[in-house]
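Chain nomenclature is as follows: A, B, C and D, assigned in order of appearance, with residue numbering initiated at 1 for each chain independently.
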Amino acid sequence: VNGVSTRTDLLGLMAAVADVAAALSDRARLQAMLDVEAALADVESARGIIPAAAAGAIRAAAHADGYSMAELAAGAAAAGNLAIPLVAALRARVATTDPSAATYVHWGATSQDVIDTALVLQLQAAGRLITGDLRRAEAAAAGHARRHATTVMAGRTWLQQAPPVTLGLKSAGWLASLSRARRRLEASLEDARALQFGGASGTLAALGGDGPAVARDLAAKLGLQAPPLPWHTHRDRLVALAAAFGIAAGTAGKIARDLALLSQTEVAEACDPPEAAGGSSTMPHKRNPVRAAIALTCATRAPGLVATMLAAMPQEHERGLGGWQAEWDVLPELVLVTAAGTRAAAAALEGLVVDAERMRRNLDRLGGLPMAEAVAMRLAPVLGRAEAHAALAEAARKATAEGRPFADVLAADPAIARVLDRQAIERLLSPGDYLGAAPAFIEEALADYDRDR
Amino acid sequence: VNGVSTRTDLLGLMAAVADVAAALSDRARLQAMLDVEAALADVESARGIIPAAAAGAIRAAAHADGYSMAELAAGAAAAGNLAIPLVAALRARVATTDPSAATYVHWGATSQDVIDTALVLQLQAAGRLITGDLRRAEAAAAGHARRHATTVMAGRTWLQQAPPVTLGLKSAGWLASLSRARRRLEASLEDARALQFGGASGTLAALGGDGPAVARDLAAKLGLQAPPLPWHTHRDRLVALAAAFGIAAGTAGKIARDLALLSQTEVAEACDPPEAAGGSSTMPHKRNPVRAAIALTCATRAPGLVATMLAAMPQEHERGLGGWQAEWDVLPELVLVTAAGTRAAAAALEGLVVDAERMRRNLDRLGGLPMAEAVAMRLAPVLGRAEAHAALAEAARKATAEGRPFADVLAADPAIARVLDRQAIERLLSPGDYLGAAPAFIEEALADYDRDR
Amino acid sequence: VNGVSTRTDLLGLMAAVADVAAALSDRARLQAMLDVEAALADVESARGIIPAAAAGAIRAAAHADGYSMAELAAGAAAAGNLAIPLVAALRARVATTDPSAATYVHWGATSQDVIDTALVLQLQAAGRLITGDLRRAEAAAAGHARRHATTVMAGRTWLQQAPPVTLGLKSAGWLASLSRARRRLEASLEDARALQFGGASGTLAALGGDGPAVARDLAAKLGLQAPPLPWHTHRDRLVALAAAFGIAAGTAGKIARDLALLSQTEVAEACDPPEAAGGSSTMPHKRNPVRAAIALTCATRAPGLVATMLAAMPQEHERGLGGWQAEWDVLPELVLVTAAGTRAAAAALEGLVVDAERMRRNLDRLGGLPMAEAVAMRLAPVLGRAEAHAALAEAARKATAEGRPFADVLAADPAIARVLDRQAIERLLSPGDYLGAAPAFIEEALADYDRDR
Amino acid sequence: VNGVSTRTDLLGLMAAVADVAAALSDRARLQAMLDVEAALADVESARGIIPAAAAGAIRAAAHADGYSMAELAAGAAAAGNLAIPLVAALRARVATTDPSAATYVHWGATSQDVIDTALVLQLQAAGRLITGDLRRAEAAAAGHARRHATTVMAGRTWLQQAPPVTLGLKSAGWLASLSRARRRLEASLEDARALQFGGASGTLAALGGDGPAVARDLAAKLGLQAPPLPWHTHRDRLVALAAAFGIAAGTAGKIARDLALLSQTEVAEACDPPEAAGGSSTMPHKRNPVRAAIALTCATRAPGLVATMLAAMPQEHERGLGGWQAEWDVLPELVLVTAAGTRAAAAALEGLVVDAERMRRNLDRLGGLPMAEAVAMRLAPVLGRAEAHAALAEAARKATAEGRPFADVLAADPAIARVLDRQAIERLLSPGDYLGAAPAFIEEALADYDRDR
């Protein structure tokens, strides 16, 4: 617009969230600010504070199309904020149809009232899109939790195989975390649905005794809440919202981490569908986990943005000098990053191609060793823990060194054989029989989800 | 203890929060872990999973005093976490009285179950201390809001004097932000009051079908909630809690920023009492705002710690490799920093020495210029906004250049004189008469506080 | 371009750095990538690896104007990076004039080679603009250091008046820090002037044995250095450069903090010139420190961006999955933020309106108390430190309580009077005579500057 | 010590860096501060500014053992910094042997002079230990680069197998990044080897005209450089050093990421030796990559700490209020984290158990598909790129779908067969023959290392 934009997302990370970007765009910001000015004129006119004709003229002029973004940007640079040139431009425009009405533009308000309230309106719109994506992701995770409740796969701790889990349990974990992220975000959005309206110093003195009533009317007209008092330099609601966005991005990142690891060539248990995976013209076999990469990218970027919102909190007296302004780009950027991450995770979960057979094959590679715990829990009460574990460790060592099945080695140990016969050992080493509470956990997560979707 | 501690707080920042430090200390961590082991044995014994005698022996051995922190730390370094050497030490100790009981120590649990649950217990204890400090700060701010409801002082935007506020309004703003910080922290503490219990891979497979019931009993015994499923690599509850701590620290920082600015030599409107201010032997006049400095220090440190918690979220599969471990020191550090900041802010508010006379004198320095808006609101409907503002700007210029009272210059302007006589101008320039909704805002903030204290 | 841009800088923070924004723009990125492709074809043709005609056709097609940013962005989103659709588009374009040449586009290179090298080229261009601004700021600070070498003003520690300094000394401190920031940035830019060229896995295997020679030629042609080996997942050079940018932003922020504090209504020792200060239509007296606010805004934003660059370092094997992609927007954003901050600081220093008379008046407000140290240093060797300080503290207390000049009270103390007569006391309390090494420090800083400008 | 320490490293992350922790300990801090006081007295006595006897008495009292850390910490909390109670305690102690000497303790200095200079001394000591660890890591990486120059393994991009590399090349990349991290750290340590000495306001006024000379002498005596002027609120040297630490931690983290991925059960190409890997009593087969986990933990923690150092830069006037104090704990913490990370990476590299046979086996799993590029580079000039790639993609699809060797399918394609016979295809698909510049890159990296070790 004015030659200083560096950001057309040529790199493509944000291509999937054009709707969120539109809600956060400068065009939307401009319109939201004009909406605030028009609503203010309306409620002031309804209370007889300004002439009804003025309100009509102001509302008529409050359409973003009539304004030059380039001129406004230049004006904002000179004045220190966007409201100053916008109010001037709105006044000029109103004056062309009703000169006396121009006097009543922005009546009793301060720049930050308009900038903050417009931001709040944009955040509500963008936030709803993100909670929608989280719900999509929840639905997909719930589907996997149901479908794969008994799809056995290796548990992995420290990136080493551990006792088995099921893909359903893993999905239930994703599901529950997504639901928590969404509920937290919904609560924070509600908490941050707060009108900013205080006038020059936060007293609404320019409106005499009418301030609180105008504030209430204005909030109602804009679909916002009227807080007990203005919050120009108390930014905690926005910071809490930022944290909720950051946590949603991190939640998507955790899922993406799992998916990226599962899609490794050597693991290959789950991957993006061919049409979504990044290909390589010189490596036709590759299925790059592009969606997981986007979600991990966003999870990498969110923490620094949340930290900046926190760092900007100690703002000076009645108007911040540096802190407030730092929020202007950082908060929308964080929302966009969160949107890209959560939507990528949703798409990845929805499109996930699962290779249950490969999961089982990977699990079998260690010949039963990850199930040693099952045997240990049976041996310990009989042999005592120390002796049981010594026997198991020796058997594991021998099985690995000699390349023999763990069951064979265990069955050949006389101390073990006294407690468990070959058949019992094999049953204990069967991954599908050592899933404990996994079905119950999946059920609980799904029940929780069903109550709230 | 083991030669690697670098942190004895010699620098003094944490001296005032020794109780919080104690709740977060390694000693408390050790005891909390032992409490978890003892409670686990109790509930398993009550369900007949382990012998009652074993549970008794385990509980008898679960006192931190019996363990060498140095040896445990060395063991933790080798094993990768503290639970491994602690469980071994507990087993050894139990074995001295009841060898067969040693088998049932830590029965069915995994290291992270014990480490996470102990952390949750510590966080609840430390968190309660901080919400207590926030309540102290709220009470002090409420006192100022009441006492100074009509104590007029300069509003300040961009660090420039703006229309007047009252110290009561400023205090009401502090109060409301403190209440929000405290409520958010209470809610996050409640949300994070979650047992961790999943066994090696999160299935509780070692307990067969008893897992969920044991989890419920264990949670109840420890005063925690039993979540639908384990959350070993889903850290959002802790991260949300971290954000709530960070916001509390930022809230304290905002108050401290205001107080530090008010205590400047050239402003001198409020300061720490002599006994609390930092002195200087070579500058006997100095009253260094030590409390504000501590709160600002903590507000500077919190964002990076919160960011680390967020950055650590994408943890691998069933056990994090780097992310989980990053939380170990970072979360307690953040809690301590928050405690120091909020307690310093509370003390600063409680002890605040207010110079109302100086406030008024500072406000009068500009000879009424900051009240220009009051005149403008009256002139604009009559003269039109443009003409009114031109007249005011010219009068302000003249008053500054010629060193004359603003009222004199205004009264001498014929255009203005047609609308307002000298007396009316003086009334408009009287700060105490231009406070708008300040009293109403204070009242609303106090009412909100009274409902919830 | 493609509907997802949210960033037109409507808020105006970046208006002053349109040249830097242009250097970092997506248009510039596209051209830089095409420059890399063209240079690669040239050097490969010169070595007989690809046909000369192919190189000519490729160079002819390497102009950004011929490409649709919207299509490329969409392609990047699908493929996971921008090079894939760009290379395809370049091939298609080359094929329209020389079908056989299309085969040799991007010959032997991988996407990251082109993306990273183009970024390096952009960073060099943008970085030079910023070092230019730092030099501007240095020149302005050096001017103040010279002009105001003896302009006495209050030293301020803990925001309390301390023994005097001069504006020249303060400026010398700014100067030295700006020079260090600029030198560090120059060194980091030089260090990061590194070609990326490694092919699919970093071995340049597709070029057989010619890889290193092609790399050397390509680096030379692009004005870059050829590092010993590719650095696809070793990002330290870029992170070190990011840190240098962040430190420059912080340096500008420190200066801005001082200027914002000096411009407070109650201090008013220095401010922006009227044409640059932000005004307020309803408060005609205000001179908002807009430049300082921008620099502080940027200093608030830089740390989170640097942290993200650091957090993205542990990239996977031969190509990062999330970490690399996080750099794409974050590093240009950091550069832009740094540019805005340093340029605002430069402008603020260049335009600074100094009120030396007010400096002196502010200093005199405490009636000599901040000079107590001067007296103490003379009394202590005679009376002993303890007695000297007790006498001074008592005198300070009395002067403040009784509103008497400090010199009077000191002279009236018999213990002090034995050591210092009234005239000596007054000389000691004269700020202009208690500047110690300030002139020498200024001289050293200016000499250092002169050596290097 | 004083009841507020929460940090005894019970969790074990820092156990391996007890020497670094000792260099950064509060005990070392105390002694460094006393060293500064003693050196100051010495040089002032040598210049006749204070009596020689006083200097002797001060030096005699400057041993940390004589002071109560608990009392000092309590004093620091009250005064706002540690130097105030320490100087008082030192004076009291000196007075017991030479009452008149007590007057000359800390003569002409300010608290920050002593605190900052002591910190600089500690950082030099700790920094040297870390550069030593980086050299260890370099030596280990160089060893692998040499030994495994021809040990072929899969290249991996996006965690998918790509054309082959060698472990030697991977090690050469680690080596070069470690060397750069070490050189950067050495340069930053040298840059930050700067005395702080400015007195109350940075003018050294208390020393009259002797300030600069005393500063030079003091720097020389302490092994530091005397900067052109004091830098109390210009913290860039320390921040640049912090960034260098952070980059070293990130470098270690990148290596750890690779090692953790290589040690996965399903990859198993390299791991910690049995004695160093974390074991599991219930899973005897596990080899948890404890060292990599520590390095990744530290890489996760460093960015937030560096960000805090940057965020603290805009410090007020002549003494920071919150920013300076934030550094006190954060910088030592960052150094310790870096030490733990780099030492863990060094140990991991030194002890690395490599399974070259498994590397080869993993590479062979895809039946030659990752070598498709080698074939493509040969076919493209003959068939044209488009046709060549279509043929390869179809062959890859067929090979995967039908489970046939890639070479078979390729040889069966008539278009390909016209260009390459079966033998040529097999040679092209041989990983060991498709390493391009890998040997040259390794050689260059080793040559660079040899020049500088």
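Keep this in mind: contacts are C-beta pairs under 8 Å (C-beta built on N, C-alpha and C of every residue); 3 or more make two chains touch, one makes a residue touch a chain.
Every value quoted in this text rests on a predicted model; they were computed, and no experiment measured them.
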item	value
Selected interface, B-C versus C-D, where C-beta contact pairs are more numerous	C-D
Whole-Å separation of chain centres (CA-atom averages), chain C against chain D	24
Between chain C and chain B, distance of the C-alpha-averaged centres to the nearest whole Å	32
Chain D: positions in contact with at least two other chains	80, 156-159, 162-163, 200, 206, 253, 256, 260-261, 278, 281-283, 288-289, 293, 296, 299-300, 303-304, 307-308, 311, 321, 373
Topology of the chain contact graph, where touching chains are joined (line, ring, star, complete, other)	complete
Interfacial residue positions of chain A with respect to chain C in the complex	1-18, 21-22, 24-26, 29-30, 69, 72-82, 84, 200, 206, 253, 256, 260, 278-283, 288-290, 292-297, 299-301, 303-305, 307-308, 311-312, 321-323, 325-326, 328-330, 332-333, 336
Residue numbers on chain A that touch chain D, as the complex places them	154, 156-163, 260-261, 263-267, 278, 280-289, 293, 303-304, 307, 311, 362, 365-366, 369-370, 372-373, 376, 389, 392-393, 395-397, 400
Chain C partner contacts - residues on chain D that touch it in the complex	80, 91, 99-100, 102-103, 108, 155-159, 162-165, 169-170, 172-173, 176-177, 180-181, 184, 199-209, 211-212, 215, 227-231, 233-237, 239-240, 243-244, 246-247, 249-251, 253-254, 256-258, 261, 296, 299-300, 302-304, 306-308, 310-311, 313-319, 321, 373-374, 377, 380-381, 384-386, 434-438, 440-442, 444-445, 447-448
